[in-house]
Every structure is written in structure tokens, then in C-alpha cells.
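Note that subunit A is present in both complexes that follow, paired respectively with subunit B and with subunit C.
Presenting the complex of A and B:
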């Protein structure tokens, strides 16, 4: 502590942090999510996969066998690119999305989040532009921010990313002399948008990106979790040389293993492997072999079907509840995945409304968390993946009264501007929030 | 007692749950270092069983915000008859509502910024613009808007002009039903910890707070590096003594026990203005109470253990 006139900032390394840490601060909003972990609160905020349908006895036996029979390998370092047997099996997992590749094209990562980090690391210099949907996945925005990218959002509609808007944005950026490095997109069951990129738009998006020389980063954690029909062909299937495809076992098996992957063009893949080795040496051998065993010994496709039904039931409960109880709001109509994107009545600010919701024992993520530029105040993301249908209904009931109260306050004070509450700090909950 | 068994209550359902959990962890660590047996628990339907188990010698409620600082949980501790660190429920109730607290310190002859505390309904019924206009006419600008109950500056805003008032009111009412609008006195912002470990209340060296943003809001409080602290505060010797005396006056006026923290502004003339008093001050890595303990040349584990023993007397 200080003596005399010497002050203290409680962090002796304050002058040493890299510029890229700017914005790595948890906001007041993030602190409010601490309450969401309490059972009294209906959390429609988090995105934790619902593991209730997972056969824990099967997984447990598989893990025990793994250690008993292959312990010396499973507990040892492994290849930087990932276990060859797992990479072969990943081809089967991607087949429904028409991603065809050779096992050598795959880099196994610690969740697809690490793949996002590695791709950004090898392509993005400070000030480069990364295009992302409006809104976009909060975890990707965090990665882009940490590499000091300039995120430019491109509008979506009910059919996903709008090709004309993408083209217009790229023309504008080209005229401004900006270097666009990546187009980041979640084409299936978007987080947080809850929409899917229409089949007819997919080749258009790929063609526009190719024309402007922009690499597509296709993030597809929810591709197998569509409620109706077959999965649409991935963007990767339209141009394997122009797209890096990211997959994950977090939603189709279990996030605790932290196993994801990237499929990338040959030269890119070599750099990804070197970047991954410098970051983590190699992905966990134990986790990879556990996933491999699960895929080999268990009917994983049937299991994904069970997950789909579980999420479909919750999606139905969410949409019905919204329809019954939020007459002044509108929302997307998710056909898969975990999320619905809700537009609240004009003038309401979901970020400012969150404390009132916490008091009412319901939690959501304010729309601002999904933009790099403080848009989204009139939206919120609701997750239906985790709570039971009854809890979802109760949560929406509470939310309806919160919105009514907030409208009452708005009527009293008018529609004030966003004021001083805009900021670059992190407004989203941590990954462990149910 | 060789190794008192301490139950720390941290968490709760208030907006300040995160801060409370952080305070709980820090105090638990320090008490273990001081030789206590410590359990940290949330406030839930298991608590009464735990309190009645006979396995607890003393409770330290480190709950911030509603039910922690409004005296409710302490009422329950009284019902069960378990000793606890900190003030009694009646004193908490007086200090918890900032508008009530200001009335009490005024009676104790402390200066406090002029204010008005109003529920949302009044603005709705009388017209927000008219009421806000009257407030500005009476109190002038700049102003501070904050929930009448609650801490950590959640929902609090500094307002420089009339145009900023509606936003501040909406943000404030998201945290509570009653908003307090207060004159913003310019000067040096200080916090004074008062400890009573057995020989009467003693004021520790005042901590001066200089937030980078100009307003000591939530971020300025809990993001390391967002504020600069000077301890003792860069005040003249008489002003330092005046703020310590003011904190002791507040501590005694409310009938507080064991520990409190009083927040004040010292104006150009050296006069301290009372802002609020906290019966469960923050004990996190960036909180002011641990800073003043260190500045006083004391050790946090020793002081916390003394407070535990004081509660056991």
C-alpha cells in the first residue's frame, strides 16, 4: 500500500499488460450472472448442453476400459495434429453435412474455441477486418478482440447472412482500403440468432467471398442438431479451398472432453498444427481416445437423435411460452440448436433491464454481448437447452412481468439514450452457467 | 478458544452475490491463516440445520445487498442464538436505507449532501419531467442518482446535465423501487474503516479514492487498476482527523458493532460530507477495508481473528 503521496492501483503489473488485453474486463452485467447459478433463478442465459440424455454408465465403462487397457498411451503426450484414429472417425461425423476431407486435413483442437483462436492467430494482424454476422457468437468476438481485429457486422434475416449485404459491405471496405481477412459465420442454428443459412444462399456466400479473396471461417457446432430434415450442405462442401470448417463434440457428446477440430486447406492446416503445438503442444490424448472409444462402441447417431428430441421439446416449450406471454416482442423460429433471439419492444434496453430480471429470478443474455460495437440493446438471447419445459415456461412468465415493469418505467421517463453504459468490457456469462 | 469454528455466509441472491463470494473467499483464507476452522456457505434451505448443528462457534455474515445488509439474516442468527461478527439487525435496518441513514447522521450533526428519495410511482403520477425539474431546481447540478438501498454502486450514475437524468433514473430503478437523487459535492472521496476489537471503536487511516473514470462506479471498484488509492488520504492533518471523527460519529450514531466503513467526501474547506455507511463492507482483493488495515500496519488475519473473538465474548 502507498505511503505519503504514492498511490496504489492494486495491480503492480498494470503498466506491463499487452495492448490486446484492452477490454478483458468483466462488466457489472457479467457479475449479475453469479445469481443465475442459484436454483431459485430460471436461467435462460447459459448455453450449457443438457447431458441428461447421455448414458453415463456407458461413458463410465468406456473411460475405465480406456485407462485399464490403454493408460500408458492415453495419459501420454500425443500428436500435435491429433489422434489419427479420431481424425478418421471425424470424417463420419461430418458426412451428414457433406464435408468431405482426408484425415490429414483435420487438426484436432481443445474445443472448437481453440480452433477459432488458432485461425485468428495465423491470419489476423491488429486492425485487420473480420466480418461477422449481426449478431455473432460472443466467444468468437472475444477471440477477435484479443487479436485486435476490427469486427464489422453483416446483417442477417430469417434465412441467415444476407448475400447482398455481404457484397455491399465488402465493396465499401475495399473502397476504404481495408484489409478483410476472414468471414466468420455460424450457418446452422445460429448462436445467438437461432436462424439457419438457407441452402440457396450458401453458394452465393461462398462465391462472394471467393470474389473478394476472403477466407470463410465456418463454425458448425450445431449442424447435427436440426429438428427436421437432413442437415444442409456445409459451406465447405462448396469450396474446400476457401473455407475452414470447425466442428465440435461439445454439443453432440459432451463439452467436458473439450474436443473440437478444424478442417483446413493443406497449407493452412500446416500452420494451424505449428500454432497449436506452440500453444498447447498437443490436444489431450485422454480426451481424444475417450471420444474415439465412444464413437466406436456406442451408437452415437442414435444418441444425437435423443439430444435432438430433448432440445426440440424445450424449443417447443420456449416458442409456445413466448407466444402466450410476450405479445409485445418478436423472435426467431429456431429449427435446431439452443437459442432464440428475441426483439423486445422499441426503446427497451435489455442490458439496463437485466438487474430487474435478476430480482425477478430470471436471467437472459443482453443483446449487446453479441456485437462488437454496442448494438443489440433491443434484443436478448434466450437459451432453451438446459431448463425443463416447465421451468422454461416459468422463466418466460417472469420475463413477461419484467418487460411490463420496464415498459412502465420507460413510459415514465421516455426513451433515454444509452448514456454512459456503453463499454468494451465483457457482458456475457462464463461457460459454466446453466 | 484455540481454534474457533467460523461459518462464513457468502453469496445470497442479491445483485452483489459475486462481490459477496469474493469477500467470503478472502476472509476465509485469512481466518484459516489465523488458525480458525472455517466453512463458507451460501444462504439456502440448509442454513438453519447448519446453524443448529452445534458445529459452529461463530458466524460471519459477508452478504452484501438485500438480506445481507438489511438485517434480515442477522435476525435469523439472533433467533437461533448463534454469535456473529458485525452489527445487530436494528442497526443494519437504519443504515441500509441511505435516505434513513442520512437523517440519522444529520441528527448527529454530520454534514450530508442534500437529497431526495422517491419511488417510481411518484414520477409516474406527477410527471417525470416536472419532478426532475423540481429536483434540479432545488439541488442543482451535478447530481448522483443511486438506489436508496443497495451497494457496490450498482445502478448509480453521476449526472452532469438535465438530459442525462432520465437514463440515470431508468438504470437506477432497474435495481430498486426507490431512487435517491443527491447533490454531488466536489472534493476528495474517502472511505474510513472503523474497527472495534475489544477496546472501543477505532478509525483506521482513511483511504482516498481516485477513479480513472471520475466516478467510483462498479467497474472502478472491482477492476484492479481502474482506480488509484492513497492511504492515508492526501488531506491535511486536521482534515484527516475530521474524517476519522465523522466515521466514528456515524458508527456510534447507528449503534454499529465490530466493523463498519463510512464513505465520505471532503470538500475544499476540509469539511467531511457523509455519503453512506456499510455494515458489511467489501473484503475483496480490491476493497477498501483490507487496504486500510494494511496501511494501519496491521495484519488482516490477525484483525479478522480478533473480530471473531470479539463476537464470541
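Presenting the complex of A and C:
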């Protein structure tokens, strides 16, 4: 914060920025990266996929072949919509989630983050409402803020977004005359919630959105990373004309190529391509062909299975450690993905606690990062994707001692700054995710 | 157009789009790509760099090494600002253009197109004015339009942007109470103008912009591709606090990696990084490290020299062919880059002529694509970067016969639609670029 102020004082262009730029501030996660990347810190903060299981020799050979056989195409500009062969292969990748589409319905993007940006760009005017789960993905909240949307949170429980709460929120907003453009949701292995939208709720959510004329933006980076059974059918499968589905290779292959995609209704897809051409001309031909080669030459489904086992082992270590060492907290029970959402004892403030945690050599993301309002102080996101099971256990041990110390202080001196915190806790009770 | 209308009629989300989306329409260049890519057509339309001179074996080996030695980093998420090692190496690449900076001043982007998008995003509110040369780069005009800027063109002549015209335009806009946010300029080997801003004008342009408090956006993809002598010092070298400089590896290495960059004043750079994180999280680690490896392991300066010779040979073929076969037209005299800007005889309309040209198996871009208003009907852009010298000659031959036929028709029947065309020619005389 103080760094930003210093920059501002010296900024001769301060009077020139667009109104939207005021909403662009460094996220809490971003400030954390520098600290949490020190080797002595156990980071339960980041969402970096664990690439240890990737066969680097296979990838390296495949890229050398790509240049030898297709260099002049791979190194050249490509189509704004994305490589047709990759778009065909993406159909296979989405089949387990029952997203059925034509390659023409797909727009390849620079990671699914760019798809979030493009969808928001073409739909959201300043002051429009975007609905998002409470809590929601920090990167999506940043996009919505940068387009000056008003994010309204809708509560979740252990079965994901609550249909009645969605319906109530939409009625309330309609009465208030607000324009609701999008419902942003991560139905599978939610980030940061660690919950999955129940099968029976999916058609209900789609039906409510349709009734209110609200387009669903279904973000599904973790859909193939469920630990048990087959993936549930995507919201898209219930209403392809009412849902934009976002996928990504960042968690099932590698984020370093920045390849994601959107599946959209025909007319929307045309706008997305135009918006993407304006934003970047075209996605990287090389990255796209690297992914295509990998999908063609490697047993990618087996590889995803290896990732699942790797993350399941870490999820188990995380839940066991929490159960052993954090008796005063509660948490969600993730069946896939990267994250568990932890409720700390009443009166504790995870944002205030973070510097002390980092001093104790463990990092997490405070719950406030995942809300557009002031909710989340009594929650934190722990990620289990990257560290080894031993490191996860050690991290939770350190976290437990930090929480115990906080509780000691609270018991001895009363809740520090209790006025502020109790207020925020009444105003924003937070979702029932325990 | 009719395709768009059909899409609109079927679009259930038509009422949901943001106001800015109305400005997103397919560019004339885009519609051309499908047609011009047929092998029987000589395309003098596209701006694809010619990669024939690239040593594919070197590139392939370098990428295989990259994965073997640095796979887990190259395939992972990276920093939003870009790889520090690449940012260091970019300093060397900019040295001939006298852009001096610190690696911290650089933001790596997904091609310099993304830098155009990000700069416009952080500075431009709807209705703000962006100044651009007349004519200007079609991809930049698309970005400005998508942020609802009003583009005001400033005339060029054979020495580039005219300082007096810039000053007059700024005075006029100031009197009209308009907010001018950016001066967008391509000083070297202009696209599409094919001219270079004279050395003595550079400090004048910078001084005028400073006097009126207008930030300069200096787009320099062709700065190293001059055929004679050293590059002229960039506008940035005259006032680093008043200029954002954009560079790209698309023309000096390969566009397929989508790696470009912006050099910006410190506070602006911070905003650009935040905007980029919102747009794409981070640029591709793999692409950046591929470029870094190439710069480190290959004599890239020698390679740029090979590109220069390849383009010089094609420029010579183009100018000689024009001189031999288009006696009724005039054109600029490019000393580098990819393009020549051709003025056709009075009364001809290059946009109306294009379908007939494609029938005659030659493609170009009509001048209207390079204006935000209705100027340019009597101009066209010919690119000489991609086809062989023989194909260039054949393309100009076909073009000459199309123009001769148009002139015959005009002579026999009078200027077709002369009312409209004479009007547009009086309203928009176009720059003196012959």
C-alpha cells in the first residue's frame, strides 16, 4: 500500500488514468508470492500445479519434433480463434465433463484467465452486476473489478452454490432495478471453497439463470482432477446456449504454455474472437501446437490420472494434519482440486495473522482475498497442490502453533480490535462451509 | 456485414453486450485472410514475417535443451511482469534504438498487441481522444475503438508525422475541451505508411507532446529492420518519462511465441503489470524462455541482418515493379520494414476494387482499413515481406492490369459513383505521402 502511494506521488501521469484503473490494486496473493517463495517458508498459499509427475523427456522430444516438422507454422502468426487441430482435440478433453460442442464453438485463449477477461469485456458495462460464489476465485474478482462491475456474492454450502440463495439474490436485484450480466461459478473443486456443486443442483442453477436471463460463466480448471468417480456433467451440458464454459490446460498439463479456452454460443463466440484479436491478435501458435503434440503423442488421460493420485495423496495429508492439529478450526472436505477452505476460531483475523504466520515460516491466503466486500476474515485458503505431504504436515504444525498463540492472546487480553471484527462478522456472516 | 446480421438475429444475448462491444467489428484485413491465403492468389495484403531465413535446427535444439535443463520452470506459472532474464536481454535488443532502461522498467506482453491493449486500458475512458498518424496501424485502431476512444488523425508526409500539424491539432482539441490521452505513433518504417520520422522532428514531436501533457505511445516493431545505416534514436530516448516504448520479437525472431514488451515510466509500469495480471495472469514462461535461449545461444544480430537483406531484396523488387508497371500511381519509398503505401489515380476506390483484384489473383489492403474515419479510398497498402521477388513482380503485374481496367471503365463511363467518391475525397484529402 505505502509503495503504491510513493509511486503515486511521483507519477506525472496520475491525472491521465482511466476510471477503471482505480480498481486495479495488487491482490493479497500477489504481495504474498515474494515472501512465500523463500525456501524456508512452507507455502500453503499458491496455486501452482505440481509438475513433478510430468515426463520432461517426452515433452522435450515432442517440442523438438514440432519445430523440425512444423517450424514455419508453429513460429508464425495463427488464427485469432485458435488452431483448428487443437480445437478438435479439446472436444476429447471436455468429453468426461459432458461438454459437447463443435470445434467452431471454441476460442483458444492465453490461459483461461484471458477468457475471463474477454467475456467480461464483451458483456460488462461499469455498474453492471456480476454474481459470484461467496467466496470466489481471486483472479476473477480482479477482472470484474477492472471492468468496474459490482460483484454480488451468493452463499455456498458443502454442496456448492445454493439455488434458493441464487434465486433470492436475483429477485432482490431485479427489484432494485440492477442489471445482472453474469453468474460466475466454479462448480467443480471450487477455488477457494474446496466444494463441488451437487448433481441435483446443476439443472436448478441453470434453470434459475435462464429464468432471469443471466448468462452463466462456468469456470472449470479442475474438472478432471476429481479423486473419486466420474466428473459430474457440466452446467454447459444442461443449456449450451445459456452457458460459456471455460477450460484450461494449466492444471492437467502445464501452465507455462498459457493455453485455455472458452466454449460459447455462436454469436458470443464471434464477439470473443474479435475481442481476442484486439487484445493479442492471436494466441501463440507454438504453445497451441505444443499442447496439440502432447495430446497426440502422449497418453494424456493416464497422465491426468497420475496428477490425480499426486493431489489425492496431498489432500489426504492436508486433511489428516488438520484433523490432528487444528481441533479449534473447521474446514471443507475437497474431493478434488487444490484447496481446502478453513474456518478459524471466532474472533481470529486471518489477515492480521498472516505476518505472524510468515514469521513462523508458513503461508496461506487470508479469506478476505476471495470476496469483493469485507467478508472472509475468519477464513483462510490452504492449498495442498504443491508441497510434499511431509511439508504439508509441517506447514499445518506451524499454522497450529500460530493459531494457538493467537487464541492465547485472545484469552488473556480479549479479542484484539474486537469492535471492528465483531462488526464485520455480523455484517458479513460468510458462507456456511464448515 | 450480412454474416454479422444473421448472427445478431439469432443471438439471445444481444441485449446483454457492453456498450464497448458495439465497436468490435471484423477488420477488413481479417476478412481478407481467408481469401488471400489461397495459393493461387499473390497476397500483398498480409504482414506475416518471412521465416525462411530462420535456422529451424538451431531453434529446435535450443527448445529441447530448455525443457531438459529448465523444464519445471519453463512449464510453470511465472511473474506477471515477465522473466527477469528476458527483461535483461531486451535491454541489448533496444540498445541500437537508444532506448535506455532498467529491467524493472520493462513489462513483457503477449506480443506488443497486448501492450497496446494494456496501455489503452489503463489510460482511456470512453470519449477520450487518441491521436494517431493518418494512416495508422489497423490493429491499434481496433484497440482504441474497443475502448471507445475517439481517434483523431494527424497528417504525415515523407518525413513522418508533421510537427506543425500535431501542434495545430492539439490546439484545436484543447479549444474544443477534449481530453487527449495518447499520441500513438510508429516512427520507424511505418505500417502502413512506409515512412520514417525524420531525426530532426523527433525532439520536436516529444516537446509538443510534453507541452500539451500528452503521453506518447511509441510502437516500434520494425526499428531494427532498416535497410540503410543505423536506426534513429527512439522518441523514448528524448523523454523516458513522457514515452511508453513498445517492442516485439515478432519481426526480428518469430511471431509464434507472442512475445513483445513495453518500457514505461515507473508508476505506469506498475499499473501495466496489474492490468496484465488481470488479463492473463502472466505471460507464457515457455515462450519467454524460448526467446531468452535464442538470444543467448544464437547470434541474433547476425540473424536480424539476414532478415534485413531478405526484406531489402523484396522491397527492391516491389519498388522496381511499381516503377515499371504502375505509371499512373505514386507511392512512398520505404527504407525498412514491410510496407509501401500506394496512391492510386484519382477517382479509383481501392475498397471497391479489391474483389476484382482477388478475382485477378492478387490481394492488398484497401487504405480505408487504416483510418478511423472514411479516408483512404484512394490508397492501398502493399506488403513485400512474405512473397518471393518473382511473386511480388507477378502480383504487381496483376494489380496493374486491374487498375488499367478500372481506368478504362472510368474513361468510358465516367467515375462510377463519382458523387460519393468525390465527396469523400474532398472531405478527407488524405496525407501527402506521395
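The rule is simple: the second predicted complex is superposed on the first by the 397 of 434 C-alpha atoms of A that agree within 3 Å, B and C clash if a C-alpha of one lies under 4 Å from a C-alpha of the other, contacts with A are read in each partner's own complex, and residues count from 1 in each chain.
The working rule: contacts are C-beta pairs under 8 Å (C-beta built on N, C-alpha and C of every residue); 3 or more make two chains touch, one makes a residue touch a chain.
The shown structure was predicted, so the numbers you read here are calculated from the model rather than taken from an experiment.
By the document's definition of touching, of the two partners only subunit B reaches A:414; subunit C does not. In the superposed model, A:72 makes contact with subunit C only, not with subunit B.
When the two structures are aligned on the shared chain, A:35 is found in touch with subunit B, with no touch to subunit C.
Using the contact criterion defined above for the overlaid structures, shared-chain residue A:142 touches subunit C, although it does not reach subunit B. Looking at the shared chain after the overlay, A:306 reaches neither subunit B nor subunit C.
Comparing subunit B with subunit C, more residues of subunit A are touched by C.
Of the two partner chains placed by the overlay, subunit B and subunit C both lie in contact with A:25. Residue contacts after overlaying the shared chain place A:125 against subunit C, while subunit B stays out of touching range.
Once the two complexes are laid over each other on the shared chain, residue contacts for A:10 go to subunit B and to subunit C alike.
Common to the subunit B-facing and subunit C-facing surfaces of subunit A are residues 7-8, 10-11, 14, 25-27. Residue ranges on subunit C touching subunit A, taken from their complex, read 4, 7-8, 10-14, 16-21, 24-27, 30, 48-49, 51-52, 54, 56-57, 59-61, 63-64, 67-68, 71-78, 80, 110-111, 113-114, 117, 121-125, 128, 139, 142-143, 146-147, 181, 213, 215, 241, 250, 254-258, 265-268, 270-271, 274-275, 277-287, 290. By the touch rule above, subunit B contacts subunit A in their complex via residues 11, 13-15, 17-19, 21, 42, 120, 123-124, 128, 154-155, 157, 164, 166-171, 173-175, 210, 217-219, 222-231, 234, 285-286, 291, 294-295.
On the subunit A side of its complex with subunit B, the touching residues are 1-2, 5-11, 14, 25-28, 31-32, 34-35, 38, 40-41, 349, 352-356, 358-359, 361, 406, 408-414, 416-421, 423, 425.
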